[in-house]
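Structures for review follow.
Across the two complexes that follow, chain A remains constant while its partner is chain B and subsequently chain C.
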Partner chain A sequence: MAKVVVVTSGKGGVGKTTTTAALGAALAQCGQNVVVIDFDVGLRNLDLVMGAERRVVYDFINVTQGVAKLSQALIRDKRLDRLALLPASQTRDKDALTEEGVLSVITPLRKMFDWVICDSPAGIERGATLAMRFADEAIIVTNPEVSSVRDSDRIIGILDSKTVKAERGERVAKHLLVTRYDQARAARGEMLTIEDVLDILSTPLLGIVPESQEVLRASNLGAPVTFNNPNSGPARAYFDAARRLMGEDVEMTIPADKQGLFGKLFGRRAA
Partner chain B sequence: MTAVTQPGPSTRFVCRSYMAVVLAPEPPLVDWVTGIEDRIRGAGRFLVGSPVVLDLSAVKLSQSAIAHLVAELDQRGVRVMGLENTDPASTGGGLPPLVRPSRGAPTMLDLAETPATKAQAPPKPATPPKPSTLLLDQPVRSGQSIFFPDGDVTVLGSVGSGAELVAGGSIHVYGTLRGRAMAGSNGNPRARIFCSKIEAELLAIDGYYMTAETMDKSLRERAVQAWLEGNQLKITALD
Partner chain C sequence: MNLFNFFKRRGGSSAPTARDRLQILLAYERSGRGPSDLLFTLREEILAVVGRHVEINPERVSVQMDRGDKVSILEVEIEVPNTVRVAPGGGRKKRAALRRA
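Moving on, here comes the complex of A and B:
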């Protein structure tokens, strides 16, 4: 049975879609069967970041409404067939999603894959609450600045009250992923430090992704950053996060863009 | 004891409890209204003019039906001040507001889903004595609102920015208090607020409040307690 993971944040533009693509790809590169689902109905982006925008025929909503079969809508990645994408519909809005519809898609996906990663839209409305509804675990993506951190705090409260697990009295396992982190600026007091963020959110840290040009470059090329440049700082941070997600004990570092010995070792394995 | 801050002119907002007669209409309503009429004509004069709350748990009424019932009662001199145990959606308009019994179970509601707060059927059987302390062993997150009019609230963890604690008694936060804390909300001037680290947006005791701006900067991020002296809210460091 797959683990259903929601990538969420409350605030927009913090890197949910980048994280979904990079982490999904990193897990697949580590040998796992992964499907990434775009829940941002009406404003889909995950297909672009995954480089599959020209291959979208059927989408999530088509499947929930019985227009297409799940197997017709799933897009297998050309670089790695262990990785699949279920794109969102661009022509509909969030109201097209229903709880029954989402469950009818997630249930078969749980049997087909090891990981089902749900890319949540920003906000706390229907799209975001349905993306987290059936999650076993949650990755909360946060930038080291106050508005993002407070929105994450709000999302954590919602994860603890509105998910199926929470309603059953269980807990959704939560992981914090700090993205766009710039150590030099944090040291100068221009952004929150990791300690500040952890102090406010009191949630275990999954990883620290450094601010880097590589992320935008990879997005523009339509490749998850772990495919495009596996030795870059962000890619190594995502590989570490993926291994922590699989239960490995990996020392917490902030990988820089310079290629160190660690990067070389990893690059070879990931290539 | 150091640095006691003097707030500027205080504005007061107060929560107060009042006694009210609760009437619970039962179907068929026409017979019930006639019964009330008979009661008033007999010994029930006390109903006339005194505040009345309608407990609508036994009947299911639309907004217009509630309005009709309230008008009928008004004609007979019975003044309805509030409604209880009905769907929030069916109130509003010119109707009396929905009230909650202050001795009810502690309620924890997400601000975003206030309309969905379920009208709980009142458990009438003998219940064990209500706990006088609400203990929360998880952080209170931004947007969450904890309302506990029956006593103290203790939080083992932080209270996020944008979260809200309202307690009839004192408030204890073993963590950073970043949101709002309102103690003694039922009119208890002896209630206090304690926290291991203060970055609060607002503190209030018995309606007297102080915002972050008026707090002494030297107290920020320290362990403090707040109490009421006369009508002034005072804060002092505990360490």
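Moving on, here comes the complex of A and C:
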């Protein structure tokens, strides 16, 4: 029976889709069977970040409306056969998604996979609330920046009230993932520190993903960062986070990109 | 990582790949017909034609797609039950590959 995990944030552009692709791939690379679902109806992008944009035939809405079978709509990753994608519809609007429809897709997926990872759209509207509706666990993606932290706080409140688990009096297990973290700037007092963010949000930390050019490079190429460059800082952070999700006790670090002499001399890499 | 990859990673930039991928995707999406709509039409019409001659189970149909900049491939795989017993067990598969310039 799969665990259903929602990747959410409230604020847009903080790295939900990057995180969904990277964590999904990392879990699959660790031998788990994973499906990632794009809930951003009308503005899908998970297919693009995972390099499957040319292979979309059917989508989430087609399945909920009975036009296609679930097995026909799932796209198997060409590089990782344990990883599958259920794309969102690009031509419909968010109202096409219903609670019954989402449940009718998540129920069979729970039996087929070890992990069902729901990539939430930004905001707190229908798409976002449906993405978290059936979640067992939630990953709150936060940048060390005031508006992102504020929106994360709002989303945490919604996770504690509007999910099926919350309505049953249970709790959705929440994990905080801080992305785009720059340790040097935090040390200089130019950026909120991890401690600041944890103090404010009082949510257990799943990982710290450093700001890195490797994230843009991976999305340019259409490959999850853990697959495209497994030794990069963000990839190692996502692998650690995946192992913590699986229940392993992994020491918390901020993995940096390994720079050679060339990189150290010139300070940056071609991206 | 071998030496070749080392130089490729340093020298090769990923932005042109991103630009090419976006151009292909957006040209398709701006054409007004969403990929699902076109494929849905093609699938239904292909199924109707095949269905006129043999009985098919709509659930035993697989449709796959690979869009390229010059050519796209739509692959429709239809499982046809053996009403006339040619070989015991299993069904015949008819495959129709359609190339679109």
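Following the convention adopted for this analysis, the second predicted complex is superposed on the first by the 258 of 271 C-alpha atoms of A that agree within 3 Å, B and C clash if a C-alpha of one lies under 4 Å from a C-alpha of the other, contacts with A are read in each partner's own complex, and residues count from 1 in each chain.
Operating definition for what follows: a residue touches a chain if its C-beta (ideal position, glycine included) is under 8 Å from a C-beta of that chain, and two chains touch if they have at least 3 such contacts.
Only a predicted model underlies this, so the values are computations on that prediction, with no experimental measurement involved.
Student: Now for A:Ile156: first (chain B), second (chain C), both, or neither, which partner does it touch?
Tutor: first
Student: May I ask you to decide whether A:Thr91 touches chain B, chain C, both, or neither, giving the answer as first, second, both or neither?
Tutor: After superposition on chain A, A:Thr91 lies in contact with chain C alone.
Student: Just chain B (first), just chain C (second), both, or neither: which does A:Ser202 touch?
Tutor: first
Student: So, does A:Arg217 touch the first partner chain B, the second partner chain C, both, or neither?
Tutor: In the superposition, A:Arg217 touches chain C alone.
Student: In the superposed model, does chain B or chain C contact more residues of chain A?
Tutor: C
Student: Looking at the overlay, does A:Val56 come into contact with chain B only (first), chain C only (second), both, or neither?
Tutor: second
Student: Which chain A residues lie in the overlap of the chain B contact set and the chain C contact set?
Tutor: Shared contact residues on chain A: none.
Student: Within the complex, which stretch of chain A touches chain B?
Tutor: 124, 150-151, 153-154, 156-158, 160-162, 199-200, 202
Student: What residues of chain A sit close enough to touch chain C in their complex?
Tutor: 48, 51, 53-59, 62, 67, 69, 72, 89-91, 216-217, 219-222, 229, 262, 269-271
Student: Name, in rising order, each residue of chain B that touches chain A in their complex.
Tutor: 110, 112, 138-144, 157-158, 160-163, 175-176, 178
Student: What residues of chain C sit close enough to touch chain A in their complex?
Tutor: It comes out as residues 9-15, 17-18, 21, 24-25, 29, 34-37, 39-40, 59, 61-68, 72.
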